[in-house]
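Below, each structure is written out as structure tokens.
Shared between the two complexes below is chain A, which pairs with chain B and chain C, respectively.
After this line comes the complex of A and B, so read on.
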């Protein structure tokens, strides 16, 4: 299983202290994948400049400036200003913050819920499994858009809009992950080392957390990257429709909102092009990373 | 012989009474283990032999409560270990016993170790489960354990992963894990079946050594009579979920009573005889779903079968001191009136 190239064996006279685990092998493979590595660097770059936005730009993101409405890109406003006279570049950075934050936290919630429910259902089987999986089916069949719109309308102004959105998206999106984790656990728990682990006195919780999850973690990680990408899309779509992040908070989706107007769409490209391009490239790179991870964890791939 | 006499008078460490384990196949229960009773004395090695599908493994899984959930269950009977009824215990209670007082070695060393953890981690896990011990101590103990099962470079091996080890090495690691907490009873479910012959001999030698050093009892499940002859004090022959004969090892090999035992012994290839064909027992063990309801379950393969073998179910009876047989050829096996 271990991949040691001819060169390595010649150079390293002293063998490494701890032999390379599945993870070390995966890391090595991932680092060799140029596309995935470039994508990762790009994503990190976007994340870092977004979260450092207050230090990079000093323009006010919320103040409406009637004197500078819809200006074309210039040296003062690198990407021009939008219809309310706000600097597009600044909003792009702050928007990245929100979009990535929503994507990230939704992914964490979704993965947590999906893994919890999937692994419990898969490990215990029987009635527990049926109950949890029927509940999962129920969640998967929920009319997502309607629910989000209604819930947002009910909770509007009562709770911080951002967290309502994160909560609602997460609560409705874990179904797929739960199914995947369950099926993986079902296959994995038949292995003899699980019986062996039970036979040395491990509790069910310990079996799931320590023996089963590490063995399905690679799948979960790959799923997490894909979920991350789709969460950014969902946020953008909802915000574009006006049901997402509250208007005063800039997000990539919110910035696209103005493209509804034909005038902006046709003649003021600088207002909506930057977030559109950024969303596309970000999602593309996340997918490349996911693809790279999938290859890295696949023992049969030799790339 | 004197030690064996001594053993007889001691209180049993494990007592299985009228154990019935059933599998649920399409809504109907089929007994894979049917009314089995036996005892294991302290420091005794008991061999359980029989063809594939005789319920040997199911019985060992019943003792450890490791039967597949929802499909297999213990229907009736008692499993008394060290004075406690394992059958009445909750999952968390039995977890305190598993790995500490009773542990198990499995057939497949290639898949019995978790591929994502180092050998050391898996050894330390059982120690952490049952002992209050620091990380440093656990590591030292893991290395000592690996040394005790005859692994030559334990300091290095603790940091290696299962895929870097050969089958024999892995089985040694499994044994090390099983004996880590010095259990009173070790259940070895065909520990050498997946290994090649030379390694087999080494592993058996090791098991015997460890048994003597740790003063533990062993239940050795196998279908290899050679292994039984070498290792065991007492032998239980099982057929289709029932015990057909039980005796100490010398008696069984020199004076087998049940036709099935005789045929099993006859099926061992002999070095000194030139035979064209190896002798075998014709037919196969009936599957769970078409097990005969009454009569001796071996009757349709038995060369000595009589008409009543198909209608009367034999019971296990003492044919002589410490030698039980369930076969209608012997009077002790004919069920008395009013007794099922």
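After this line comes the complex of A and C, so read on.
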């Protein structure tokens, strides 16, 4: 959904003497966008401390500690302990590792599948296009959450849990990207340079990878940011419902599922508040980065 | 237009057929079958189980089982729930009104909130109030619905005590009285707001941007030049143009409500179809699970169809063929 306010589209600045590349312009615009830059720094910070979790905290995340159940935040446990006596801060870091890892892997797979199918359909057109697009429609017409839950219930326990989750989510969510990439490729392939590339005998694979994709890359990058945010939401929602990451592995969604108990929700804020706030801020900052990138790549926006 | 709609509806049939195959295959792949959910294997004679399996047709070839299932399904016989021991259609029709109420009130709240917020923001853009609404919308778009639900229960149910945190009705209400309906509305309000949060944010933002865009157009300048009151320009001239595109969101709302209901109903322990669906996965109640999955898929198809058709209705430049 478009939430950027419509800015005036007239370009007021005088044309630069030596024109910079599209990427240099975008980078300059992005670095000037304070909100996006702050978000990026925040996201990197969360990612780094999550991935360095084993070096930052020494508390054991798996051991259930009956002596230290539901302790309030103190100097020993910065954010208190949960109902099984595990340190919330430590779990938050390890949970971030899992949540961000799943978010990133899903995004990679979704972008890969969507770009592959979208570009092949868009470039070849005709029967290939209509077959692939009917298939995309088919995938898009599935109620996503319903099928993810059913598929997880089937595959659960048979294969390593995390990869099942990543696979199932990715396989069901590439449809939107494929449509967008296809429409971009359709417009792009009408240009003369593509006809020239065909006439000198470039192979279709080479044309797609070397000539077409670089020109739709900015769209793909923006889509990837949005996908990353929604993948984190999906992972945490599924884990919250009990159909995502296996219980014994901490993830932000898993940490929240005790909030369904009224006692925890009402009186033990330190158990559910930290992951809830962290997920929200992370999603917000990813969205801000996405808006910033969209703005940076948009030649009409002046900033 | 009609021809297009008709063709699209016809096109849904093969889609539904494919989805039904997928649903059937998935249900067969799930561990156990509905019979093993119905009996206690430790107390029942294994020979009896084998006989019953044979009698219920679980040993028939898969295509035969599929056609029997889909045949019954089309005729409206969805089977018997393994958990509740009554017909699936009865189980579903018991929970359906709750979900319908939730969906409708969510849409209504979305429309009302988005209408007033969008109208205000569009009329007075770049003011403090507009920025505040914009910020709220950004939060609404970013906060996952289950976190919004948890916060809403914490704040409005536990801390402030304004709304109940679970169920769909107070205990001991007689059906049909005014109090009964008020109690139901009281229970549905909070989940409905949470369910509509995402759409409210996108509707508001869309309406705002559209009003701002329209207010720069020539017909507005003409109206101003004629001396039309500012109020009338916004409430009549611009609003008419800006409100129409919003109906295209209706189809997507339908799709969003389905998946939203699963999450929202679980958080608020609201007895509707979403909760029933999760329960049926947990208890391996296959007849209910398969019927609900088919129902949700059907509604998603309808939602996408409605969205596509409404696009054509609103913008005749979009060629529908």
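Definition applied: the second predicted complex is superposed on the first by the 283 of 303 C-alpha atoms of A that agree within 3 Å, B and C clash if a C-alpha of one lies under 4 Å from a C-alpha of the other, contacts with A are read in each partner's own complex, and residues count from 1 in each chain.
Going forward, a residue touches a chain if its C-beta (ideal position, glycine included) is under 8 Å from a C-beta of that chain, and two chains touch if they have at least 3 such contacts.
Owing to the predicted nature of the structure, the values given are computational and were not obtained by experimental measurement.
Is the arrangement of chain B and chain C around the shared chain A a clash or a fit after superposition?
fit
Touching A:211, do we find chain B (first), chain C (second), both, or neither?
Only chain B is touched by A:211; chain C is not.
Let me test your reading of the model: by the given contact rule, A:203 touches which partner, first (chain B), second (chain C), both or neither?
In the superposed model, A:203 contacts chain B only, not chain C.
Output check: A:111 vs chain B and chain C. Expected answer is one of first, second, both, neither. What do you get?
It touches nothing on chain B or chain C.
Looking at A:195 after the superposition, I want to know if it touches chain B, chain C, both of them or none. Which is it: first, second, both, neither?
So A:195 only meets chain B here.
In the superposed arrangement, which partner chain does A:265 touch: chain B (first), chain C (second), both, or neither?
second
Between chain B and chain C, whom does A:125 touch in the aligned arrangement: first, second, both, or neither?
first
Quick one: classify A:43 as touching chain B (first), chain C (second), both or neither.
Once the two structures are laid over each other on A, A:43 reaches no partner at all.
Spot which of chain B and chain C makes contact with more residues of chain A, would you?
The partner making contact with more of chain A's residues is C.
Between chain B and chain C, report the minimum C-alpha distance in the superposition, expressed in whole angstrom.
After superposing on chain A, chain B and chain C come no closer than 13 Å at C-alpha.
Which residues of chain A are in contact with chain B in one complex and with chain C in the other?
Residues 1-2, which sit in both footprints.
Can you check the complex and tell me which residues of chain B touch chain A?
Residues 64, 66, 69-70, 91-92, 95-100, 103-104, 106-108, 111-118, 125-126, 129-130, 159-161, 163-164, 174, 177-178, 180.
In their complex, what parts of chain C are in touch with chain A?
Chain C reaches chain A through residues 15, 18-19, 26, 29-31, 125, 134, 137-139, 141-147, 150-151, 153-154, 158, 165, 201-202, 205-206, 209, 212-213, 255, 258-259, 262-263, 266-267, 277-278, 281, 289, 292-293, 296-297, 299-301, 304.
What residues on chain A touch chain C, complex-wise?
These residues of chain A touch chain C: 1-3, 5-6, 137-138, 140-147, 149-151, 153-154, 229, 233, 236-237, 240-241, 243, 256, 259-260, 262, 265-266, 269, 272, 276, 279-280, 283-284, 287.
For chain A, which residues count as touching chain B in their complex?
Against chain B, chain A makes touches at 1-2, 17-19, 21-22, 124-126, 191-193, 195-204, 210-211, 214-215.
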